[in-house]
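Both of the next two complexes hold chain A, though its partner changes from chain B to chain C.
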Partner chain A sequence: MKPATLSYDALLASVEKLPDDGLAVTRRAALDHLHKHGLPTTRHEDWKYTDLTKIVDIGNQFLDGQWDQPTSQATGDLVNSIRDSIEADWLVMSNGIIDQESIAGLGQTGISVTRLSEADGEMEFSTPLSDLNAALLYDGLRIHVAADAALTRPIGILLVDDATTSPGMSQTRIEIELAASSTASFIEYHASSGSADHYANSVSNLKLGDNSHADYVRIQERDRSHNQTNRLTVGLGRDSRFNHCAFDFGGRLVRNDLTVDIAHPGATAAFDGLYLAGGQQHIDNHTRADHRVGPGISHQEYRGIMTGHARGVWNGKAIVHDGADGTDAEQANHNLLLSDKAEIDAKPELEIYADDVKCSHGTTVGQLDETALFYLRTRGLNEHEAKQILTRAFAQAIVSKSPIDSIHEMLTTKIAERLSGLMQGVEA
Partner chain B sequence: MLEINDLKASIGGTEILRGLSLNVSAGEVHAIMGPNGSGKSTLAQVIAGHADYEVSSGTVTYMGENLLDLEPEERAREGIFLGFQYPVEIPGVNNAYLLKAAVNARRKHEGLAEIDAFEFLKLAKEKMALLDMDPKLLNRGVNEGFSGGEKKRNEILQMAMLEPKLAILDETDSGLDIDALRAVAKGVNALRSADRAIVLVTHYQRLLDYVEPDHVHVLSQGRIARSGDKSLALQLEEKGYDWVREAANG
Partner chain C sequence: MTTESDKLESLVNRRYEHGFVTDIAADTMPPGLDEDVVRAISARKNEPEFMLEWRLRAYRQWRQMQEPTWAHVHYPPIDFEAISYFSAPMSDDDRPKSLDDVDPKLLETYDKLGIPLHERARLAGVAVDAVFDSVSVATTFKKKLSEAGVIFCPFSEAVENHPELVRKYLGSVVPQRDNFYASLNSAVFSDGSFVYIPKGVRCPMELSTYFRINAANTGQFERTLIIADEGSHVSYLEGCTAPMRDENQLHAAVVELVALGDAEIKYSTVQNWYPGDENGKGGIYNFVTKRGDCRGANSKISWTQVETGSAITWKYPSCILRGDNSVGEFYSVAVANNYQQADTGTKMIHIGRNTSSTIVSKGISAGHAQNAYRGLVRVMPQADGARNHTQCDSLLIGKECGAHTFPYMEIKNPGAKVEHEATTSKISANQLFYCRQRGISEEDAVNMIVNGFCKEVFKELPMEFAVEAQALLNVSLEGAVG
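Right after this comes the complex of A and B.
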């Protein structure tokens, strides 16, 4: 069977319809690159469990249809409710279109935000999905945090999509740079509404200058019929620190790629994640840490709770390159399967080419601890309550590790709600 | 209060309780002794409602009701408390949270409003002081990383907060230092009253020095092999279990 592909003619026509701005040349180059290499299929090792056919299908329908989808009232409501629930300076993109007012309204000193199209848009496109992103990108954001600046409020990046009438597809791109010795925190929030098919493709690049510190939380709460692919690429400067936590609650087909590159000594990267899935949800997290020099630290822990027919995929790769002595790499992935139809494919991968390293990995897949359940019940809690308590505790371990303390309570509430929904059995 | 009649129970196809009968009335303290593997914990777990044990025959009546029909949580809400021989560690579940949830589950069942947060904390601190427990344990995960003695005290704290009608303490005295043993005994004695009953599963006389039992039973091979008053425990201490076995067989 020939793998489904996006129609080149339709892609080209779409690229030509985009504004003749600073991004025009890059879009064409990205399109050529995509055309040459194509999209990955399940025959690619990295895509073994995640089939893009459905996404390609949505893409083709979208390219054939009309480009400018009006955003509905629902989008506005979604934006407002998220903005109201989290203290942050929000930058908003709806269906891939930047809300200019949100840029203008940014109040903090030490940060500048521009559109990618304003500058000579230098964009990286090294993977098929970042090719697609660059080719069809309407516009993106460049965020620069000045040297020595210490931002006091988190920068919120709100990516909302709305597919009310016809299949939708959106591309968003954020380029973030922290100059030396600066500190900033980011909340990347994905949400969507509407009953038509949707595919969102987001790409973020984060460069940490020497001695800088970034806290980064990604929350994905898309409609459970919508799809997303997401890539975050992080480059760490000397003695810099990157603390990341990803929460996936929504989406139908979800694929997240996180790539961390340690090319300067003294860098620390901690990246954790939680995925909760039920029904037909498919959530795939691929991470990769390249240790090119030592000393350097990369620690990650992902946890998943799956029920119904949900499928989780976790693939964590750490590569300790020749000479990266003093590397400390740790990977953990723990899963709870609450139904016998739920599935997880967990795979840690360590490739070590240096001598003096400290590496470990561990994965577990299990059900709720029967002894603990019984213990709770002998204290008067009914079976449902006891299960809720144990699953919440399992998830809470990730919240506790997450940076940006001010959103912990909100996350705890969200997790309790989501788990309660998953465990009512309504999403079997 | 509790009447067990000719109870037979098995786990994984192995029969452990083989026709056990026992009557416990309100106001009484019973001690159950017996060799390792004789079925003491099995009895405790069956009374608490553990689903892995299969009851093949016999009856268990609690306050006039068929206990075996009730879910574990219903038994708890009706006033049965089991202090586990091996208290379970539940990482990530706050100790105070569980304590409060347990108290409220019981109160709800009795038609009472939820306990006031301030009232709860005051009560918990009081009980902890009585048990000589570090108040910090309240904010740790349930039994998470607790020492052996801390776990046992935590069981007694739960019991003290829940004020059960029937408390079954499965070797709560094992592994305790002298001070902890006194603290646990204090907790048990504080609960003693005309409308409550306490069953102590123990291997040692030393707990019974502090909590004087009305009846002592020896469990052997899934049956009560011998019953008596507190002097039976002293005789056992002196002569060992072989004496009971010989007496039972001879």
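Right after this comes the complex of A and C.
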């Protein structure tokens, strides 16, 4: 299948319109890389279940539009409501533009935030979508946590977009580095508004120094007509710890890539996720853990609930490279399908080239337990209530794994709201 | 022909513990493939017009197809023009009609392999349709089978005697353009087995075929078609060995199973082709398409395989669960040692209501081998009440080998229950220590642990195969420990 492609001329024109700053050279290199390799199609193994045609359409419409410079549009209400609901030090990017005030307002010691354009402008790009991100990036954030620092409040990263009138596309990029023995927690929040088509493409890189510890929660609550691709790449230092939890509630076509690289011994990574999808939503989670040395631990559990015509995709890959003895890799994926038209495509992969390892995966697809339903019915609950309770419990298992305690309550409420919306269409 | 014989001569003299190439004049076509070769193959087999047309259609489609590269295996490119597409031990006219007519040298070959054909067949009560290279040379127990109404014959004979059955079912499970190797097979298949079990008949004995690859440089393209009519039952055994040679040999077989209402087919394989030497030189390329179609309600197809041979295995025996309440099973042990590469698994396609499937896959990697499980469980929207359980375990012996799993689950029905579990581990020092402490040598201990690991699959094999399979496993893993 030949995909629709992004127009190179339009991309080039757009890149040339971006400021002549520290990122200019990298933008061109990324564009060339993208031009050479192109965007993936469903014939590409990693994109078998997710078709980017829709996103490419939006991109082309956006590039054809009168795009001189990206502007941060009216996202004020959305930003304020999120800031008010979660206690954190917020860094805000609206439509791909950094809110300078939010950087200036950071009150904690041990953390410094700069713009990518201020530095040498080096950006990693290796995949087609990170190429696209680097090529069209207006500016990104570099967050540095000093050695031995222990941040007391979570750092919130708010990525909001508004597409009120015309099709929009935005690129955001966050580079985070934790120096040795530091501790920090992050909340990456994606939200959007507006009735026009929108596509957001975010890229984050997280580097953990030796013995450092990062907690990372990603919450995605985009408008259900908007699209998103998101990539988080994590490099773990010696004896470092990374706890990650992702919640996908919104979005029409959503693709999340999480790559964890264990190249130093003693590192531990736990990454979990929950996706709740209904209507025409398509939520795709791809994870990859590379164990290059041992000992190292990577554990993941993703859970999904699908109703309506929704489609969930989960692909977990653990690669134990030659010599990574002492690796412990676990993958789990559990799914509930609640309607006739919903679909899940799950693929847990293990590639193992070392022998002293403990690796396992388990995947299930099914419905609510009949016995449990019956039990609740005998206690006087009607079927709808009983189903609500059981689906919530199914989802709650991921909340309890979420590493930032202060947002558990907020997450629980959000899940309850989303589930009650999803289950309205499900027969009682 | 002289060069071929010379090659055979030189191969006979080559060093190989169990090695031999039977020195009989092979009637071999020159290497290369075009429409004329396809016509020639068809002509030699006196095939009716419809078969030639069918082959030519497949050939034209194959020409437009690309060789697949997605499997987790690596090998030098295959030159399809360097392969000879037909080789018969004797010309068709004086093909042996019974065991007595069989070239004694051929029988000697079976002896060397430990398969005393007539004895084994008589003692075990198994009918053996031995395929020596491409033309079936001996079929026994025909009478007993024909009394039951069972047709068990070489494929070419079925084309002659039962064209209506061949026409109806050939390619109905694995279409000509299914994949690159199935297309190639459809164009040039030489021979194979044909089985038809009539309505309500329980096949009086286990049917068995021994495959052998013999003439140098000859790809072997088997075609097997088994049809179990309503309410019938058949158990089919397939096993194979091959002599040593330096060039890699391509083997692209197609097996099609059709189970109509209430019918059951059990298909067991022990595959022990030449895997290449300890440095990975030589060995068979085994690119096989095996698929069963549970076409009728309450039908059942069960695949059991023990894969220890071949340099490269690329094989996914699958079940299409079309009939309501149909059942698919896949039990597999795949052993890869030295530089062997295996990419094997199954596909279970749930279409009918209340269909169920079970997958048990045990992969053992040793030496420098790479062993991958690749499976698909697809539940179609109309497949209410579908059930699947997959268990997929890997055992690693040694630091240089690899074990991989690529299971795909595509579920489009909310009533489906699908479970997949996989584990990877090595033989623990504790287990070994315990056995050693009890006076069991390290090699015996490993064999014991490996056999225990595979027990779930072995118990699905017919008795005699199960014994053979255990012995085979021990031989395959020789030298893996230490």
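Simple rule for what comes next: the second predicted complex is superposed on the first by the 417 of 428 C-alpha atoms of A that agree within 3 Å, B and C clash if a C-alpha of one lies under 4 Å from a C-alpha of the other, contacts with A are read in each partner's own complex, and residues count from 1 in each chain.
Operating definition for what follows: a residue touches a chain if its C-beta (ideal position, glycine included) is under 8 Å from a C-beta of that chain, and two chains touch if they have at least 3 such contacts.
Since this is a predicted model, take the numbers as computed values, not measurements.
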Three-chain arrangement built on chain A, chain B and chain C clash or fit: fit
Chain C versus chain B, contacts on chain A by residue: C
A:Asp20 touches, of chain B and chain C: first, second, both or neither? neither
Partner chain(s) touched by A:Ile344 [first = chain B, second = chain C, both, neither]: second
Partner chain in contact with A:Glu101 - chain B first, chain C second, else both or neither: neither
Partner chain in contact with A:Asp356 - chain B first, chain C second, else both or neither: second
Partner chain in contact with A:Asn382 - chain B first, chain C second, else both or neither: first
Touched partner set for A:Ala372, first chain B, second chain C, both or neither: first
Which of chain B and chain C A:Asp84 touches, first, second, both or neither: neither
Minimal inter-chain CA distance - chain C and chain B, angstrom: 14
Touching both chain B and chain C, residues of chain A: none
Residues of chain A that touch chain B when the two form their complex: 369, 371-372, 374-383, 385-386, 389-390, 392-394, 396-397
Sites on chain B touched by chain A in the complex: 48-51, 71-73, 75-77, 81-82, 84, 87-88, 90-93, 98, 101-102, 105-106, 109, 141, 158, 162
Contact footprint of chain C on chain A as seen in their complex: 45, 322-323, 325, 335, 337-367
Complex contacts: residues of chain C adjacent to chain A: 70, 72, 381, 394, 396-426
